[in-house]
Each structure stands twice: as structure tokens, then as C-alpha cells.
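Okay, got some structures for you below.
What follows is subunit A paired twice: with subunit B in the first complex and subunit C in the second.
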Partner chain A sequence: MIGEGQIGGRQLLLILFIMRATIGIAFLPIVTVAGPMEDAWLAGFGAAIGSALIALVVGSLSSKFPTQTVVEFAQELLGTVFGKIVSLIFLWVFLFVAAVDVRMYGEVLVTAFLPETPLFFVIAVMVVVSSYAAYQGIEVMGRTADFIFPVFVLMILTTTVAAVPSINWGRLQPIAAKGIRPILRASITPTFIALQVMTLPVLLPRVSKPEKATAYAVWAVVLASFLLIPTSIVTIGVLGADLASRSVFPFFNLARAVRISEFLERLEALVVFPWGLGLFVAVSIYLYCGAKSLAQVLNIKDYRPLIPPMAVVWVAMSIQVSADMFELGRFFLPEVLGPFALTLIAVPHGLLWLAYGVRKLKKKGN
Partner chain B sequence: MRFLLKVLRGIRRRRGRTLKQLVSDADYHEIEAYIEQESLTGKLENTEALIKAAFGGSPDLVFRRMRLAANDQIEVLVCYIDGLVDMHLLAEAILGPIGSELPFDLPLPAAPKGAYDLLGQSLLHGAALQEVDELGDALKVLSKGFAVVFVEGVAQGQAYAVQGWVERSVEEPTTESAVRGPKQGFVENPRVNTSMLRRIIGAPELWFEELEIGGVTKTKVTLAYIKGIASNDLIEEARRRLQSITVDAVFESGYIEEYIEDAPFSPFPTLLRTERPDKAAGSLLEGRIVIITEGTPFVLIAPAVFASFLMASEDYYERSWTSSFLRLVRIIAMFISLTLPSFYIAITTFHQEMLPTPLILSIAAQREGVPFAAIVEAIFLELSFELLREAGIRLPKVVGPAISIVGALVLGEAAVQAGLVSSAMVIVVAFTAIASFASPIWSMTLSVHLLRFPIMILAGSLGLFGVVMGLSAVLIHLSALRTFGVPYLEPFSPVIFPQWKDAGIRAPLWMMDVRPNRKSEQDRIREEPEQKPRPPQS
Partner chain C sequence: MCECKRMLCGLTLCLVLVTFTTGCWNRREPENLAHALGIGFDICDQGYKAYLQLSDSLGEETGGNGPQQDNFTSSFWALSATGRTPYEAIFNTAPFLTKELSVAHVGIVVISEELAKKGISPVLDTLERERTLRTTTRLFILEGDMEKMTQAQIPLESVSSIGISRAIGTIERERSILPVKYATTIIDCLAQPGKEPLIPKITLIDESDIEESSEEPNPKPPLKISGGAVFKGDRLVGWMDERETRGWTFLTNMTRRAVMSVKLPKSPEDPEDAEEEYLTVVISQVETELKAKKDGNGSEFALKIFADGRIEDKTAPGDFLRDRDKVASMNRRTAAAIQNDITKALKKAQSLNADVFGLGWLLYRTQYKQWQQVEDRWDEIFPNVAVDMDVRVDIRRSGLVNRVGAVK
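Right after this comes the complex of A and B.
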């Protein structure tokens, strides 16, 4: 357990895919955030393009420093103090996004399955298991993702395909009746959920071929965005645009509505299982990145001792992050999440890119 | 003892104390130190006394003082341990030639050294002998069943391998029986075991290295590998791990396993054990190493990845389709035996809506009279099953039927009728039990049994979510495990597609033309490609 090991490019792709797809499908923000829209699935294309751009901005900077995490190269570009402050923004993103993810999954579980279990307990179990994974290092997480990915995709696709016979195709019309603006608005939230890509600058030095990492990251977010298209088509087609947009977890409701035969109905488990597995990958990566970058900010050699205390903060954070499900839901409105995520992505990366450009120019000047 | 002391009387220790005092004080370290000082002097009297002292005058130690029949000036001492030597061989090949005219016409030399050499050439029909220069060596080989011959006036001894003791003959392996395939299993004698491997693998590349482990038991441990197929790193690592063991006793390969395994606290075994020579030979040919321990028919195979615990040697003897199907069945069985009770608990406690209405109604009707929660019921039944299993192994065979009747009647019938458990739960537990025994390797079965309980508790407290979290934890643990440097979940994670031919399924033999690449690039070609049978087109 001395070296933390490495992950291959494929594993990076799977990790980022799972992270993005989990939250994307859990909330299906395409469908819910922009009000009833029959053609909301079109926003999937917008999300794919938008998130690919984010991945490019984040990844291409990071791949200029293939052996350094964001904490290290930020200090190199901006000086020790400012670099550390910028790294704190990244740390905050990890903490916050993971807290929101965990909270959402906890809410689904408590609402749907475990009405008498305290939310705290559910969240704590999830974080404990994830910290075990983070403790084992990035290589183990990559291998776990290898295993989880097929299960994840298979179960999501099974649910989707099983729902196809129940689609009322009339519910999917009209397409783009109100012009392109509502579609763009609907694609804002799913785009900015790509905040997950901000883990890339921490993971990148651990990827066996860092120069290809950006390409893998772009592929991951694009593929995950495309996964949203069939799921949202099916959800709207089965539930109808109105019902789908008003439910908190539309895909979950879809699974409830599916009925294949007398013996095979109520496929929620098929949804909850991959969510659990996917979320577990996501949270452990956030924990790893959080602990890793905190360790580097504080100049601690080994990140592992930081995991238990961070896990405690994580649990508390996800309880405190919002009062209830609906407040959390409002957070995902394009008017809220858009500026929020844009700031978190643009400010640190703007600064870093600027510093990088200045440095390049200086070098040329010499 | 008195006789012994009388013999010892003449011998004086250089630094004050006599051997007599030493023996009666009975601190073995002092005796040992004394013997180490007293090297072989060529005085038979002395030698005999020292050997006797070392063994404490044990009654199974036999000394035969003889005079060479051809020349009665020459005195010979034959020493062996009764019961460890083959008496016929000893009489015919050692005592016989000494006591009768040696059958050759060389002039019999009077000098003791000449007689010594002559004996070396003629005893045991001239078969190889082991020279003994130190008394300590003589003591060691005596315990291994050698007969040691000393000649008066020669400060050396000759050890002859005349071992012969009662031992189990080669039988069908009891823990890994197969419908098709060789019926012989390893035995306790390491030499027989190596010979079985040699008979299967006829190439001189099969190398054995012998070590002695166990300060008191002095157990022979043999490291076997095929030079050129096993990677040198692996061999070196195995040798290093074996050599670093310093323990006083080794009774079974389990002792070795505990000292060389990668993850001592893991519930999963990281070394494979088998009593089938064909399986060991197959592993050798895949570039793995085999560790044979004296005194046990179970040999160890390393590295042992998770998938290898789901393979039986029969997989390679039956046709590919059926073998692949059986492997699939075993994988499912392992999954069932790990999770079925947990799923049952989770669904009946938290997710009743997932079952079709008629089924849930029938389960609910059965559970109506049961006073316990599903988790309590399940743990109670699972524990009683473990009890039954354990009792079934330990019981004298004659009482076995009684236990099975009591188990079947009391637990199966009466407990349900008394309303202590529901019959659905009995079915679940019974099915789990059957599934758990489909695993070909017992140590893996036990690991799965053990892990079942924490997952059941998670299912009882958090439903399916708990099961998922439990399985995730197991998955991380498995991903983190390594066995002799090889990731435990290979070839599934990290993904090595060529090896999938012999993991979850078993591809036809003519397709597996390359050996699994266990970090060794050496000698990877297993067979000529394109050997798919093509019957003539008529």
C-alpha cells in the first residue's frame, strides 16, 4: 500500500461516465427543471456539447501539467498563497457536489424504501463504504469502476427498454414548437452538472497516459449526456411531460410504472441498485480527490489519515446542505445552478489559464 | 538410562562437566551444545554414547555393533530408528553384507578407511549414500529414517536411505472428486507427490527446490515450478517468502499458507490448495508455482486469482460447452450463497411491493405466526445450518444418520409447525446451503459462509441499499487484494481479454494457444494455432 497505483484511460472514462450518469439519471434534470416540455430530450444534445466544452477547458489546462495535481500547478502558476486559495475552490466543489449527490440518493432511499430510517444513518453508511474505497487508493477505485460499469449500464438500459412498450408516442409531440430557447434553457442544468469534471485535475497525474486523459474525459461526459436522451424520451413518453416534470425522481417513477409481466413489475430495484453503485463510485472519487488535494494544500505526504475526518465533515455537510428535498430541487433550477457552477468553473480556470498565458508570453518574450 | 550413564562414564567434557551430569540435568540446549563440540572422533563407543545422549536413550533407537565378517579387526556400528526403516531392506542390503563375506575378491584392507570405502561401495547394492561428517547431521538423518554406518577409526559416517514405514497408499482425492479425470490424489509423502508430478510432466524443465521448515519438526517443503514458464520474479518471490519462515512446527500446508499469504486478515484465501496432481500440473503449466508440504496431501498453488476458485480440473476434461455452463452455474451458485438470504430479508422487510401479490400474500400468511423479524429468523436458521454442517463433519460416522434425522425433522418440520420459523425461510436457507457447496474449493466456501452474515445484517437494517453497500465493500476489498503480485480479480479487473477464454467460460482447448500472461513473457506459446478439428469433407 505504498504506491497509490495508476488507472488506465478506460478506467478514467468509466469513472467520469458513472459519476455524471448517476446524478444525471437520478434527477433527470433535463425533464424536471425547465417545466413541462415534450421535447426536453433534445436538451441532451445541448448538454453533450456544453459539458464537452467544460471538460475541454478543465482537461486541457490540466494536461499541460501531466505530473501535477491542480493544487501543485496552481501554486506554480499563481504563487503559493493564491494557488492554495484557488485549490480551496476545487476542494469546495468536491465537498459540495458530493454532499448534494449523497443527500439526493439518501432522500430517494428514505422516501421510497426506508421511511423510518434516519437520513443520517443512510448517508453515514454510504460515506463509510466510500471512504473505505478512497482509502484503498485510486487503482482499486478504477478496478471497482470496471466492475460496476457493466452492471450500471445494463440495469439502466434494461429499465429503459422494458419501458418502451408503455410509451405513448403522442406524448412526445410537438417537437421544438416553442423555438430553441426553452431547449437551451433546459440544457443548462445538465451541462453544469459536469462540475464533476473538476476532479480531473486531481486524477490526471494518476492516469497512465496523461496526454490522452482530456480526450477520455470529453468522451465520458458526451456519452453520459447521450445516455440521458433515451432515458428522458422514455420517461416523458410513459409518464407524460407534465407528470414527469413535476416528479422529484422521474426515472424512479418510470421504473415503478413499468410492468413487463405478471411476475416482473415494479423494477425500482433495478434503478436503485445502479444508483447506489454509481453513487458509491462518485462519492469515493470525491473523497479521494478531496483528501488528496487537502493533503497537498497542507503539505501532508499521505492523504489517507485525512479521510476519516473528511468523511465526518461530508456526512454533516450533506445533512446541512438543504432543509428538504424541494429546496434541493430548487437548487437545480437553471437560474440557480447555472451562475453558481459557472462561477465555480470559470473563476479558478480563468485565473489559471490567464496565469498560464502570461507565463507562456513571458517565455516567448525572453 | 542407567546403562546409558554407564556407557558415558568414560567420556569427559573438556570444560568440567561430564555428559552424565548434562543428561541428568536434562537441559537440551546444553546437550546440544555439548554434542556440537564433540565432533565425530572415529571412536564407536563415543559416537554411540553421544547419539544415545541426544535421543535421551529412546527405546526405538537401535545400535548394532558388528565385526566385518571378512576381517574381524574392523568394528562397525549400524544405527537406525526402529519403525522408520524397512527391516527387510536393512537386513538384506546393510546388515547382510557386513555380516557375511563381501562378495568380491579385492584384498580386504585392514586399514579402517579402506573398509569404510568398501562398505560405501557395496552396501545397499551400491546405491547412493550420504556422507555424514558431523554428529548433528547424523542425528538429523536418523530421524528421517536413514540407517547410519560408522567404522571404528574413521571420523565419518555413511547414511543409507532405507526408509520404510506404514503410509497411506495413493487413493482417490476425497475433497475434490471428479466424474471424469484421473482418480489419484496426493499423499502425505512428498517424494511420492513429486513423482506424481514428474509422471504427468515429462520435461526436465520441471524443477524442484527443497527447503526444511520448522525448527523442531524439520518438515520438508518443496517448491515446484517449470523453469521457463513460471516467471523468475514469481519464483524468487516464492522462495523469499518460504525462506523467511522461522517457526518451530509445520504440520500442514495451512501453516505455510498463513506465513506466506498476501492478505492475512482478508476473509478470502489468496492461495489455492488442491490434492489433485492433475490440477497442480495444470497450474504449473500456466506458469504458477506449487508448494508441496511433507505430511499432507494438500499442496498449495500460487498465485491464486479469484476465478481459479471457481474452476475444477474436470472443466478441462469435459467438452467446452458443458464446462462453460457448469462454470456459469458455479458463479451463480456463489452469488446465491452469498446473497440469497440477504435478498429475502431485504425484500420481505422493506420492499414487499417488489414481489407479485399472490406470492407476497402467501409469504405473509406463513410469517403470520412467526414471532421474530426476518433477520432474526434468518440468522437463527443459518446458524443452525452451520451447526449441522459442523456436527456432520465432527461426528463419529455411526451417529451421522441420527443427526441428519434430527436436523431434518426438528429444524425442517417441527420448527415450522411450531411457528418458530416460516417455511419460506427454510426453503431459502436450504437452497443457499446447496448453492454454497457447489464451489469446488472448500476454503472459498467457508469465506462465503462467513461473509453472508454481515450482509444479512445490512439487509435487515437497510434493505437492498444495505446489500448493495455490503457487496460494494466486498468488491473494493477484492479489487485491492493481490496474490503474489497478481491482482486478485484478474482477468476481469484489470481487464485482460485474452484470458477470458479460461475464466468465466472455458473455451475449446484448441483456441487457447497462448498461456495466461502472468507477468511472464517467457515461453507463452502453448500449442500450434489453427488446430480446430476439421473432419474430411466427404
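Right after this comes the complex of A and C.
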């Protein structure tokens, strides 16, 4: 399997970081989902802890089987038929999350820049480009992440720093005066966006040092959560808690409201550009993981021929995933996304961990 | 060699592609666009009336050194239309336009007094929602006729909207007679508990004969940008004049520079009927510290202001170099002048029962528990709020001379 290539630990970290940061900053759910909150940035810590836990649960199981993807070890643990059924849950996650991600990117572009362009076109272009990267294999995606990461972070930090002079620090007060419940509520959605970590069990066998992959994944989600803290601080500091929480794309609105001087304003491109880059990495990874696991479920040797038909499904799915912006927005409410993501993470991993535990006990018994 | 050729091909391709990225990125050609530079909103029987100040997108660019500017003739067109919503009103100008309307360059939005009294939320909502309008536009409340305002020609400016948005920058830096804000700030202000907006005011001067005056050799100023419109919620309830606005800037730490004339004390040897003598102090570097008193039940506040100033002129003789007491007395007098401004502003706000200083908001931010107790009664508490003022002014330099020249 050497022909398929490998990625380094750093590349895995960057891939997972970009995937999580893109979606976390695009909607900035941390400031929108729990109503107006001056201290929403505190939820960044909650999200860091929560997503780190998810990464641990997902990663530590997978690293027990460093040469197998989730499809392979699920069959080993649960038997062929049941294992394949569980792997289908993973496949569903890849398809669904990727569809929502691309849809959101499409919505940003259609809402803010290209109101006359059909959503289909924006989405299809993104998926086609990503499927090319997925076709080229994991090594290419790893290097793409290497290349995109500095641009991605630099642009987001530039926007953030450019907004600092416009901050009215009073808008960030009071801090933690309304108790811990709203903060916890605000951290639910950013935490469960870590559903993306479920790509790790497919990527892990391709990482050069699989035993360290979990640590990299945890670092990736924690760092991406911490990126939410400065971005939400500037967003609330510039827009105010109310406008920030009403915004469909708060970080984008922030860039609109920043005016460094009479001639230096309109920084929106700096926000949308990294989203496009980040989403490219994310979608190609989902496509790769989806095609790879589907190939293994169906016992096909090469995953590549599956990519073009899957890309078509991805495009159709991301258009069908919600009728309008309101439905998409509702999906990110804590009471919707929370149980949804929790089920998708807990059910397969509960089963797999249980089977693993039983097997361990049996071995000891013998 | 092959590698070299590929590099060359790649570079050439890059260069060719770069040329596509220049200029307009879509098919909206500048010659087909009419740019609105300022929008005015008023109410009418149908709902809203929008006044656009349009500029020819080509004319504005070339007008810079053309003959137009020399005569200060206007290069804009004022157009209005009505609609049931602000957006519809803007859009209804389309039948009168031969070009596509672009609102991406709107720098100022002016709202009439009548509309402001009815509520400005619908206009703010349009500003927030529309993707090419910006929340970094400046908002004004107009006292006077909107139609005349949009047609007014400001001397030295080709388009009055551009002039007004330029003036804002200057005013913010050097005058402190206007509550300078972006629309974002006002939108945010409406959402904050215990804080009401104070929005810049434009006053139309000499409404009757603007058209005549523009033909006179020396045109009169058509409008005045100073003072503030006091809001309660999103509705206009009153005005603040320049001094009150200056008091507001002192209290809210928005002062960058203020010109204060301070009355000089009469010396005993002056005759009874001597004229009042004044000293002009320019205040710079103001630091305001406003705190809600811990034991004040939410109705007592402490204000500390440290201001630096310099003397700009003085109408009576006197020497500051040798007489240190005089400096101290001058500091005290300037401080009292600042205090008077603040008191005036506070009284006005209290009489209108509109907390434009955000005293309630301060409670909300710093003493959340206290705020929860007074939140529902804030309208009753605010008119009786007491602010303890401790204003300290240090006049540190007297310009290039230290005493008034001797007249012999």
C-alpha cells in the first residue's frame, strides 16, 4: 500500500485544524447560537475541552489499530456484516458534514458576493476542485494543507488585528455575570463541530507515526478552538453582542464594519479567501475518506474510480441538505446539532469501544 | 533545458492570467452605473421617501482636475422616490434612472426629523441587511427640509455628501461638537441596556433662499454640522446643542480636542464697568474615568476627568511665568467650564429621560447584580441620577509667548 503515500503528523494536525477552523469561523456559532452574550468567547475554552474529549475518544480507539481504517477494524471487532453497518455511519457523517460545509461556503458567496449566481455552480466548482485533490491521494492533500495553512492563518489574523482599533472594550462586559449556563450552551455547537474528527480513523493508517496521531488530533481541535477566542472577541468588540448574534456570518460582518482609514476598508476578501482555501482542504479530505471507506466496504481495491460519482452525490446532497438559509441556521442551534452529533459520535464509538473492551476481557480470560 | 522551458511557460501563463484580475471583476461596467453617494430618508403618505444624491461614476473620477471644480458647480443629481419600506423607496428611483443604481459608495445616510420621531429601526435594518450598503456609513439626523438638503451645494465641494463625510473626520479630530459615530455604533447602542443613542445632527440654514444664494457672488453656508439628536430607543426625543454635545463627549471619553473660552476674574483695580475678559484654552488629551459607586444603589456615579490644555489666546494682560497662583486659578476655571458643559448635557438628557451617556449600561457592565435590581425602574432612576465630578485640568503650556504683549 506504499503507493498510496503517507502524511506526516504535522500535516495531519494542519488538516484537522483547517477543517475545524474553517467551519468554526465561517458561522462563528460561538457568538450566534446562544443569543446575545458579551462573554461568548469564554465558550471557546468549553469548546476546546469538549472537542479534545471527542478527539480522544475517536483517536485512541483508532490508534489501537494503526494499520487499519475504521472500516477494517470495525469488521474485525463487530463481525463483517455489523462492522460494515457501523462503517456506514461514518460514511454518512463524511457525506453529511461535507455537504453542510460546502453549502455554507456556497451560501456565503451567494449572500455576500454573487447574489445572481446559482448555488449549484458555486458548490459544483468547489467539489470538482476538491475531488481532483482527493483523486491525487493523501500526500497531495497533506502538502496542500502545508501550503494553505500559513495563508489561512495569516489572513484571519490580519482581519482580527485590523479590527482591534475599532473595538469598544465595554461591549465585552460584563464577563461571566450571568452564570455559567449560557456559556456552556454557547460551547455546545462549537464543540460538536468536532464531528470532523471522525475522519481520523480513516486517515490514521496513512500517518507516518500512527501512535502519535491522537495527540496531533487533540492539538488540532484545541488550537482551532482557541482561534475562536480572538475572533469572537473582536467580533463582539466591534459589532456588539446583539448585532454579532444576529449576524448570519458574524466574522464576515466584522470585516465589513472595519474601517482602518478613509481609504483602507472593505476587508471582506480577507475573510472569504481563507474560507475557500480551508473548505477546499476539508472537502477533499471528506471525499477521500468517503471514497476510501466506501471502497473498503464494497471490497474494491482502488478508491479512485469512486470519486467522480461520489462528487456528484456530494453536490446533490449539499443542495438538498436544507431548503434555505433559515433551515441551515436552525441546524446549528445547540438543541439540534448537540443531540444529532452526539448520536453520530456516541453510537458507533460506543459499539466499537464496547466490542474492543469485550475482546480485551476475553483475551485476559483466556 | 526542458525544465527551463516549463518554467518559462508557467511564468508566461501567470503573467497572462494576472492581466485578467485587474479592473472590474464583473460585468457591471462603470459607465453603466449611477453611484449614490448619500441617501436621505423622510416619511411621506406612502411610507418612506428616499432622496439619493447621485454622481456620474465617470464624472466624479475625471472631475478632480476638470473645469467643473474651479467654479464649485455641483456635479451631482438629487433624485427621490417613495415606497412602503426604505429599500423599496430606494429601488423606486429606478424608473427615473437610465443607469444601474449602485449604493456601494454611500458615505452618509441622513434621516429627517419626522422619520426620526417615528423610529429609525427600519432604516438601520436596511443598512445592515443589504450587502453593498455598509454599516460604516455615517448617520445624521436633519433639522430642516430633506429635499433642500439633498439639493444643497456646499461651497468648495462638488458633491455635498462627500463633503459631509469628509467633514466628519475633521470634526472628530478637532472640534468635539458632534457625537461622531458609525452606523454600527448606533445599531449596537440600541441593543445595549441602559444606553440611548446620540446621533450627529445637521441643521439646514436659511431654508428659503438657498437657490438664490448660490447665484450670489459669495454663497451662504447651506448647512451646519454640529450638535446631536437625542434618542429614546429608536425615536428622536430632542436635541443637544454644541455645548451640551461637548459635555457629552467629556463624559463619554470621546473628546479629542475642545476649544474652551474661560472667563477671567476681574482684578480689584479694574473699573466697575470693565468688559469681560476671556482666555481661550484648547483642551487636548482628555482622560475620563466614570464609575458607578458601589454603595450608590445604582443612582450615584463618580466622574474623574484629567485634561491637558494649552493657551491659545487671552484678551487681557497678565503673566503666567511669574505668578503661579494664576496658573492654578486658570486650571480651576477651565475645569469649572468643563464641569458646566457636562452638567448642562446631563440636565438635558435627564429632562428628556434619555440615558445617552450609557450610565445604565455602565452599571450593567460593571455591577451586573445592581443593574438587575434597577433595570425595570431605570427610567425613573435616571432623571435623578447624581454624578460626582472631579475635573482636573492642567494647562501646561502657553504657546510661543508667555505674556500678552505690552501696549504703551
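The rule is short, and it goes like this: the second predicted complex is superposed on the first by the 364 of 366 C-alpha atoms of A that agree within 3 Å, B and C clash if a C-alpha of one lies under 4 Å from a C-alpha of the other, contacts with A are read in each partner's own complex, and residues count from 1 in each chain.
As a convention for this text, a residue touches a chain if its C-beta (ideal position, glycine included) is under 8 Å from a C-beta of that chain, and two chains touch if they have at least 3 such contacts.
Quantities reported herein were computed from a predicted structural model and do not represent experimental measurements.
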- Item | subunit C versus subunit B on the shared subunit A, clash or fit after superposition | clash
- Query: Comparing subunit C with subunit B, which touches more residues belonging to subunit A?
  - Reply: B
- Message: Looking at A:101 after the superposition, I want to know if it touches subunit B, subunit C, both of them or none. Which is it: first, second, both, neither?
- Response: neither
- Message: Quick check for you: in the superposed arrangement, does A:259 touch first (subunit B), second (subunit C), both or neither?
- Response: second
- Message: With both complexes overlaid on chain A, does A:109 touch subunit B (first), subunit C (second), both or neither?
- Response: first
- Message: Just checking: does A:140 make contact with subunit B only, subunit C only, both, or neither of them? Give me first, second, both or neither.
- Response: first
- Item | Partner chain in contact with A:242 - subunit B first, subunit C second, else both or neither | second
- Item | Touched partner set for A:126, first subunit B, second subunit C, both or neither | first
- Message: Looking at A:174, would you say it contacts subunit B, subunit C, both, or neither? Reply first, second, both or neither.
- Response: second
- Considering only touches as defined above, state whether A:39 meets subunit B (first), subunit C (second), both or neither. neither
- Message: Just checking: does A:276 make contact with subunit B only, subunit C only, both, or neither of them? Give me first, second, both or neither.
- Response: first
- Query: Of the stretches 76-84, 148-156, 436-444 or 490-498, which one in subunit B hits subunit C?
  - Reply: 436-444
- Item | subunit B and subunit C contact sites that coincide on subunit A, given as residue numbers | 113, 262, 265
- Interface with subunit C, subunit A side, in the complex: residues 36, 38, 111-113, 115, 168, 170-171, 173-174, 177-178, 238-243, 253, 256-259, 262, 265
- Using the touch definition up top, name the residues of subunit C that touch subunit A in the complex. 128, 131, 134-136, 169, 182, 184-185, 187-188, 191-192, 358, 361, 364-366, 368-369
- Task: Please name which positions on subunit A make contact with subunit B in the complex.
- Result: 8, 10, 109, 113-114, 117, 121-122, 125-126, 129, 132-133, 136-137, 140-141, 143-144, 146-148, 262-263, 265-266, 268-269, 272-273, 276-277, 280
- Query: What residues on subunit B touch subunit A, complex-wise?
  - Reply: 350-351, 353-354, 356, 461-466, 468-469, 472-473, 475-476, 479-480, 487, 489, 492-495
